[in-house]
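In what follows, chain A forms one complex with chain B and a second complex with chain C.
Take a look at the complex of A and B:
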């Protein structure tokens, strides 16, 4: 019997129509646990650098975590790993909801999908019965409709569906995979495009098997603690709840607009209050992922329609189009979810197009006769559709701002805000040096959940003592020394905090827990030692902190080596220029933030490399790789000449 | 006589299925050694598109299906009565051991536990425990 893990994985070759069930290689799972650890190992072994994102040799890997589906609250997540068409790097997206638990209940930790089907298909995983089914009737259908039809034809209300919309089918580089009606998606860096390239419209999952716990009394005792702690977290957000805090509580003036030199804009002055009133009126039900006490998602029932409430992303559209109206944003987000588009990248791309038009870089003729003005909702709605369908000018925008700028030319590049070719979201136009370093270095690029770990207390300007004494800070006691009053000016400890925070995020991902629970925003409901003990009790292995850190480092080094072998260099480990150049917003100034400082930033970057065991060029050293048991990776990098100057 | 009951407030349910998870774990042969919502004695009926979330506790086993099934209309949408039925019955897979459909599952109020497990784990307050006095 397998404990913690389900014990099996699936290999699906869509070109050959071959389905193979395999018993897990125990050693592999012990070395990488699950999630992006397993995913990055398979990608390293099987997707060499010459394989393009849109190649039948690219893989789409669904990887659950070792604690996914166990009783630990928030153990609902899984990871989708692939080579990204947007960045050309190895990428992954972590998605909650119910699909990952269902997959594990069906008996699988991991599903590796290769090849391309000759016509649209969907995959039906029902315990041991696996089928590749025709999906020609689902062609062009939006994600919500797709899931509804599939559930209907399988006649099983407990089926979980993840699928792509028209954007994925059209291989739009910023296409997402959606988990309709749960509010979850795997969106950043284009997983939907890879799925679309494989002609795979959807994956439907149903499972009825047990997930076993090795040392159940000890395991449950810890679950109880996590449950209580997360309950307190939830209560601290009452009465408005998590959603309200995410949206209305986030003062847009804090972040500013991507394209303006001097935010905030006057029309956003009472945005926060207006949003809160709006939410009080229309928020009827908060929902969330499997076994989650926090419930960070919600549905709003407006007279004209029901909208999923997409948290902080929703103001990306408001800011980009300068329309301070939550309903406008919700409509845009709803369209993105239906078409299967990444909300953040789509909003950025549209803001970018409007900006170029305003600057005279784009003319009406070049944009299908449209006038790309601010304040015009129709512009956004039309562009979303054009992007998803690759219609007219939308075909250029469909590849994200990095590639679009190169096609448009005329200095359009100056109007992009990127990290490693990925559009970053406006809510990161914050000047915390910790988040900037994390944004510049982490393997998820621009990810809300990944980069907030190092910065919590200062970013949110909380009373530090109560915060730390309450046990809400992610970091162990020895890190408290970095929380000095001149933290923002001195950059003291930023590399250390980023390094530690990133390790915890990696362990969270390998476990299949929710990133939000480990230090998103200002609070953490689960600290590293708890996750490590939970993994030990679930599997029966004995993992201590040192071992857990080495597992996290192994995953990190492997992703890094793969990206280095692709095209990543030290010069790419940089936060977007705007963070170094732009004056802080008024609210940011009040909290003590200043523009980023290049010298201090690069000092911390070097420190971070050192902590990771990478050389001054950001390449994992031969010793580091050997220590982590990645000799084959070391050898590959050696053969490619990465160490020849040493 | 004291009767143990669970009051369900469907309007508060978030659809998280924590109740199903903990029920299955609590009733495992070796307590908490497994998690498997499909073995729970509670099932949360969900129709997210129409905002209907209804936790249903498993009632008694019946060896004949009922005749003349009705429909239930909620917010203009019609549902088969089976959707909210508590019985472990021959027409459906619900409330039976997935690997041994001949074994019916029935809510036992968690035996001697002071608080039913599903109530304890329902953070949203959709399930509350109520003791009712009834003449014996």
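Take a look at the complex of A and C:
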């Protein structure tokens, strides 16, 4: 019997229509636990650098965490790993909801999908029965419709569906994989495009097998402790749940349009009251993922009978198009979900196009006769459709702002805001040096969840001291010395904070938990030591802190090695230029932010490399790789000449 | 009448924690199909309804059982299955209006809520209070 893990994985070759069930290599799972750890190992072994994102040799890997499907609150997450068409790097997207639990209940920790089907298909995983089914009738259908049709066909109310929309089918580089009617998606860096390239329209999953725990009394006892600690986390979201925070920060957000001289515009002020009024009007019910009580999702009934689950950055279109109306922004998001598009990148791409038009870099003739103006809702609706369908000018934008800027030329690059070819979220906290360093270095590229943990003491109603004393900060006591009065603008200790925060989040991912519980921005209910104990009790392995750090470091080093053998260099580990060059807005200054300093930033970057055991060029050293048991990786990097100057 | 499980679907967020703890309590595994409480999901309208034995005054499974294996517990009023008599025809599953009787995948008997002997695990875990343990007479909670 397998404890913690389901014990098996699936190999699906869509070119051959071959389905193979494999027993897990126990050693591999003990070394990488699950999620992106397993995903990055398989990608390292089987996707060499010359394989393009849109190649039948690229893999789409679904990987659950070791605690997925257990009663640890939020144990519902799984990772989708692939080589990204948007960045050309190894990438992953983490998704909650219900699918990963269903996959594990079906008896699989990992599903590796290779090849390309000759016509649209969907995958039906029903315990031991796996089927590749025809999906030609689903071609061009939006994500919600696709899930509805599949659930009807399979006639099983407990089936979970993840699928792509028209954007994924058209291989739009910013296409997402959606988990319709749950409010979840794997959106960033284009997993939907990879799935579309494989002609795989959807994956339907149902499982009824046992998930077993090695030391269940201890495990349940620890879960009980976590439940007891979770009150504050839930209460912090009263009365209107996460939804009330949906727009939090939109008066301080950072969209960076060329004519954003001094935002916020008056219309964006007083957002807290506006949010509550909005919710009173449209909120139907708060919901959440499997096995989680945070209620970070909400079911809204918008005018014209559109239901929508808002998510972070739901305000992005309001900022990008300068239309301070939440209903407009949510309508855009709803369109993105239906087409299967990443909300942040789509909003950024549209803002970028409007910006270029306003600066005279694009003319009406080049954009299909449209007039790309701020404040015009139709512009956004039309561009979303054009991007998803790759129609006219949308075909250029569909490859993301990095590639679009290179096609358009005429200095368009200056109007992009990227980290390693990916558009950044419009969050204001990237102005904090700690967050900016995390943004520049983490393997998730732009991720506001990854970069916020250090600054969480000032994001909540509790005074900073009470927050720390209450034990809500995810960092251990020795990190408290970095919380000086000016720490939001300080460079002191940011490498250490980034390193520790990143390790915790890697372990969270490998466990299949949600960052909400393990220290994203809020009341940390599951701290690192608890995650480690939970994994130990679940699997029966004995993991201590040192071992956990080495597992996290192994995953990180492997992803880094893979990225450096692709194209990543030290010069790419940098926050977007705009953070160094432009004065923060008045409101951002009031919060204590200043613009970033290149020299200080660079000093901390090198310190971060040192903590990670990477050399001054950001390449994991031979010693580090050997220590982590990654000798094959060291050998590969050696052969490619990464260590010849040493 | 004593205490019973009252369901308020309006408060349910659909997290299904009740299914996990129920299956663990009764079957020592994490397996929703072994749970005595089931969350019915209407994803088109986001309505989540925990379904569990509702102590119906007239219990249809009793009426349809061909071998008289279903009865109600005198104290709690919930349906009880006599597994010695049960011939696994599953008529009771079809007859229960609340889908409270089910068959565990890979299992060998029909299952129904037993209120955990008066201290239901699902109620203890339900943070939104969609499931509460209260006197059956309180109509406001239903």
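Quick notes
Everything that follows uses one rule, which is that the second predicted complex is superposed on the first by the 612 of 646 C-alpha atoms of A that agree within 3 Å, B and C clash if a C-alpha of one lies under 4 Å from a C-alpha of the other, contacts with A are read in each partner's own complex, and residues count from 1 in each chain.
Here is the rule we use: contacts are C-beta pairs under 8 Å (C-beta built on N, C-alpha and C of every residue); 3 or more make two chains touch, one makes a residue touch a chain.
Since this is a predicted model, take the numbers as computed values, not measurements.
Superposition model on chain A: chain B and chain C are shown in a clashing arrangement.
In the superposed model, A:307 lies in contact with chain C only, and not with chain B. Judged by the touch definition given at the top, the superposed model places A:220 against both chain B and chain C.
Look at A:293: by the touch rule set out above, it reaches both chain B and chain C. Of the two partner chains placed by superposition, A:643 touches none, neither chain B nor chain C. In the superposition on chain A, contact is made by A:71 with both chain B and chain C.
Where the contact sets of chain A with chain B and with chain C meet, they give residues 69-71, 73, 105, 148, 157-158, 181-182, 208-213, 216, 220, 227, 230, 234, 284-293, 295, 299.
The residues of chain A lying in touch with chain B in their complex are 69-71, 73, 98, 101, 105, 144, 148, 157-158, 181-182, 207-213, 216-217, 219-220, 227, 230-231, 234, 284-293, 295, 299, 301, 306.
On the chain A side of its complex with chain C, the touching residues are 69-71, 73, 105, 148, 157-158, 180-182, 208-213, 216, 220, 227, 230, 234, 284-293, 295, 299, 307.
For chain B in complex with chain A, the residues that touch the partner chain are 11, 14-18, 21-22, 25, 28, 30-39, 45-46, 48-49, 51, 53, 98-99, 121, 123-124. Residues 10, 13-17, 20-21, 24, 27-33, 40-41, 43-48, 105-106, 125, 127-128 of chain C are the ones that touch chain A when the two sit in their complex.
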